[in-house]
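This is the structure I want to talk about, given as structure tokens.
First chain written, first letter: the chains are A, B, C and D, and each begins at residue 1.
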Amino acid sequence: MYSDKVMDHFTNPRNVGEIADADGVGEVGNARCGDIMKLWIKVDNDVITDVKFKTFGCGAAIATSSIITEMAIGKTVAEAETITNQQVAEELHGLPAVKMHCSNLAAEALGAAIQDYRAKLASNSAS
Amino acid sequence: MYSDKVMDHFTNPRNVGEIADADGVGEVGNARCGDIMKLWIKVDNDVITDVKFKTFGCGAAIATSSIITEMAIGKTVAEAETITNQQVAEELHGLPAVKMHCSNLAAEALGAAIQDYRAKLASNSAS
Amino acid sequence: MSKIYMDHAATTPMRQEVLDAMLPYFGTEFGNASSVYGWGRRAHQALDEARDTVAELLGAAANEIIFTSGGSEGANMAIKGIAWAYQTKGKHIVTSAIEHHAVLDSVLSLKKHGFDVTVLPVDEEGLVSPATVEEALRPDTILVSIMHANNEVGTIQPIREIGAIVREHGAFFHTDAVQTAGVLDLNVGDLNVDLLSLSAHKLYGPKGVGALYCRKGVRLEPLIHGGAQERRRRAGTENVAGIVGLAKALELARQEQGAENERLTTLRDRLIQGLQKIPATKVNGSLVHRLPNNVNVCFQYIEGESMLLNLDLKGIAASSGSACTSGSLDPSHVLLAMGLTHEIAHGSLRLTLGRSTTETEIDYVLQEIPVIVERLRQMSPLYQG
Amino acid sequence: MSKIYMDHAATTPMRQEVLDAMLPYFGTEFGNASSVYGWGRRAHQALDEARDTVAELLGAAANEIIFTSGGSEGANMAIKGIAWAYQTKGKHIVTSAIEHHAVLDSVLSLKKHGFDVTVLPVDEEGLVSPATVEEALRPDTILVSIMHANNEVGTIQPIREIGAIVREHGAFFHTDAVQTAGVLDLNVGDLNVDLLSLSAHKLYGPKGVGALYCRKGVRLEPLIHGGAQERRRRAGTENVAGIVGLAKALELARQEQGAENERLTTLRDRLIQGLQKIPATKVNGSLVHRLPNNVNVCFQYIEGESMLLNLDLKGIAASSGSACTSGSLDPSHVLLAMGLTHEIAHGSLRLTLGRSTTETEIDYVLQEIPVIVERLRQMSPLYQG
């Protein structure tokens, strides 16, 4: 049911882990629904230089987490923010209909991390 | 579904035909129900000496008609009158449940013929 | 002469190609199509492919096909499914007097639940007229169910015309295509139907499997509740082998249908013409709007079952009325609806030809039947020969 | 190591002996069992023999057996059939929270028709207590449906005791024996049941066929109306090959059941003990009242599907919750009813053993699972390893 690309990212997920001194952290989903995604970003000069994730969830949740780290690294924060769940699914060569909500989660987690980064930035410059 | 004995009587029915100078004739059933049985008897000295039948009906109807002619011939009228549909079915080594009503018909036709014979007798002795 | 099978409307022998297509799913590919691992995915893929095949042959989309356990389940699912899903829209259902019992009894069973039923008459050829359907439609009519071709007399109904009228009126239209699937072109668009049911064993496929087409957007209350199979419209672990067999049988039938229909029509007409020579014989059903394989006649003064038994003794398998109602003692409701008397309806004989039928068989049958008819008539108190 | 199939509760590979028994009915013996000629009579006789076999194994009479298209149809037929036939007696139905969806959704579907439903809780081992059943019974209770053994956690219910209570009360009692047929002794007299449903594909028979036992004198409104098959209780041309396969599979299972259950119980316990060594692991379901082939565990901090995919990559076929509800995203309703949190229920794994299972396979699985669990936990934001 999953594409080869999904299975590749599921089997060899890229960028698993945490970033101790992350510039932004986002967490979405909840255990009740069976999907939690936590995502750390490192930003240098408005460019995302590193992303790491940890995910509790199904195959699609893990694969979308993995691929979105690859999609985000190297992009400016503004560019990364426009990544949609549609794009994530396309990048994985499609997802089963019942699994489309998982691709939402990955884009949401990235968005949450960027928001956290922005909030930190604002409070830093405010202080 | 039919016993070999039923099939034997169906394939080679005994005593098919009419008796021109019958002492009694009985007809039961109706075309609407798909079964009509007509039975002629010849009586000599209170003993049934010949029986003939014509039947419009299913395999069971034809077989029961045939066997009841054999059962009746040689019996006294009183004896023949006691033949039950149960006996007819047994003599044929059983009939399918859905066909039991046909065995009724044969005994009824014989009964009707005997009644006709008795009625004629009565009107003859009366005249 | 070896045994002659002339009861293809009752069921058909499964084709070797169909069995071959099914065998892997009885063997190594035994997975449950709902499972995520390899065995499950391959079973699921087999279902997907079968669904695509069936959908394509019907001119439908794959998600409009629901696999069933046969024609009876399909008809029940369509009729009760629409009734319960749309009861707030109306509770009136229209059908015809010559439907298979799977349709007729499904519709009638709803009466107990407060549905109102109109059973349309047919003319003496066994045809439902579109005008009668139109007259029967009411504001509260939610469903019309008219069979594509009748299983006893082979009459093909004007489904396209009826469908247009029903659609115009805003009701749903189901057709029981059990006798036409694999024989006629079944394009749900051309036929103007919303629901169409078929059964594999009538077209050289396995028994116990069928399909229901249900147009996109048409809701159905499930007949069988439970698991999420068939997009929640029909629960139960899918009969993968059977479904693969159904698709294969349909595909083969479609390929051969043109030539085979021509061949059967010639044989059918030869048989009808031969039987018409027997005195006091009536051919039932339209000679024009007729399945290529159906012959149905009544021989006056004799009863059907005793004819069948005699034919069986001569090695000929035939039927008198519908095989699946042979547990009943009433004469065919189809023949009665066409205006035949009980007496004559009891003497009906149905011969339905198929892939194995040859001219030699037809000629043998034409040689034996007159003898049997004469013999039974001589035994009949109704016959003044 | 070749592929390992440990999902026998989802479906089983068909046995060669079963296929061999079926093949004639896909070939020369293709007749419709309702037909009067030779082909039909032989098909009918095959049905009679299959019916006798099934009846004998259940301690029932032949005319108490109704052939169905599987477990889901059987459950729907039993539940809706009783509901509609006895609605004037009462409209209350009792079932349990851990039933298969075929039962649960059938019962719940009746709510829309004015029936009143009590869904009984289970204890943390997944057991329904007879006392709870007794408390739930009311004067208007017409039916109680409790499964014989659960398909997810393998818990065997006290059917005999519950049956006695229900009978005493004058209601009817149905048990879904889909998971126990071919495994446990099923004597309907001993079990005190009025209705019992089973499915062939769970016991090395074909998919798409099953049986419903319905005690003599118990009326059922048909689910599938139409032809006179199955004594007017289930219309549709009989799936002769499938029914013959069902009978053969049941017969073989009964012969081997004793020795096979012993063998499986040993393997099962070895597997459970091995898995218990993994930290933060919970075994679900009673360890005493348990099917010989069922293992069900929850690994905290990880999600079931990703475990299944990893197992699949290692050649191990398993399931997380019931295969037929895997289209759903909710965690198992069975585990939730047993008091597990959503979070933990998401991490459940079911391994169900069968005829092909060996000790070598068990040991291989025990070697791979801890690695997979650890790997997924390392990836999990919930795990503080």
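Just so we're on the same page, a residue touches a chain if its C-beta (ideal position, glycine included) is under 8 Å from a C-beta of that chain, and two chains touch if they have at least 3 such contacts.
Everything numeric here is computed off the predicted structure, so don't read it as measured data.
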Seminar exercise, completed: Contacting chain B as well as chain C are chains D
Exercise. Which whole number of Å gives the spacing of the CA centres of chain A and chain C?
Worked result: 55
Problem set entry | Inter-chain centre distance, chain A versus chain D - centres from mean C-alpha coordinates, in Å | 41
For this session: Calculate how many whole Å lie between the centre of chain C and the centre of chain D, each centre taken as the average of the chain's C-alpha atoms.
Result: 33
Problem set entry | Where chain D touches two or more other chains at once, by residue number | 36, 305, 309, 327
Exercise. Which chain A residues touch at least two other chains?
Worked result: none
For this session: Sort out which chains touch which and give me every pair.
Result: A-C, A-D, B-C, B-D, C-D
Exercise. In their complex, what parts of chain B are in touch with chain C?
Worked result: 2, 7, 10-11, 13, 16, 27, 31-38, 54-59, 61-62, 98, 101
Problem set entry | List of chain A residues in touch with chain C within their complex | 1
Problem set entry | Complex interface listing, chain C residues touching chain A | 36, 41, 44
Exercise. In their shared complex, at which residues does chain C touch chain B?
Worked result: 301-306, 309, 313, 327, 329, 331, 341-343, 346, 378-382
Problem set entry | Residue numbers on chain D that touch chain C, as the complex places them | 3, 5, 7, 10-14, 19, 22, 26-28, 30-32, 34-40, 69-73, 75-76, 100-103, 105-106, 108-109, 199, 201, 206-209, 221-229, 232, 235-242, 305, 308-309, 311-312, 316-319, 322-328
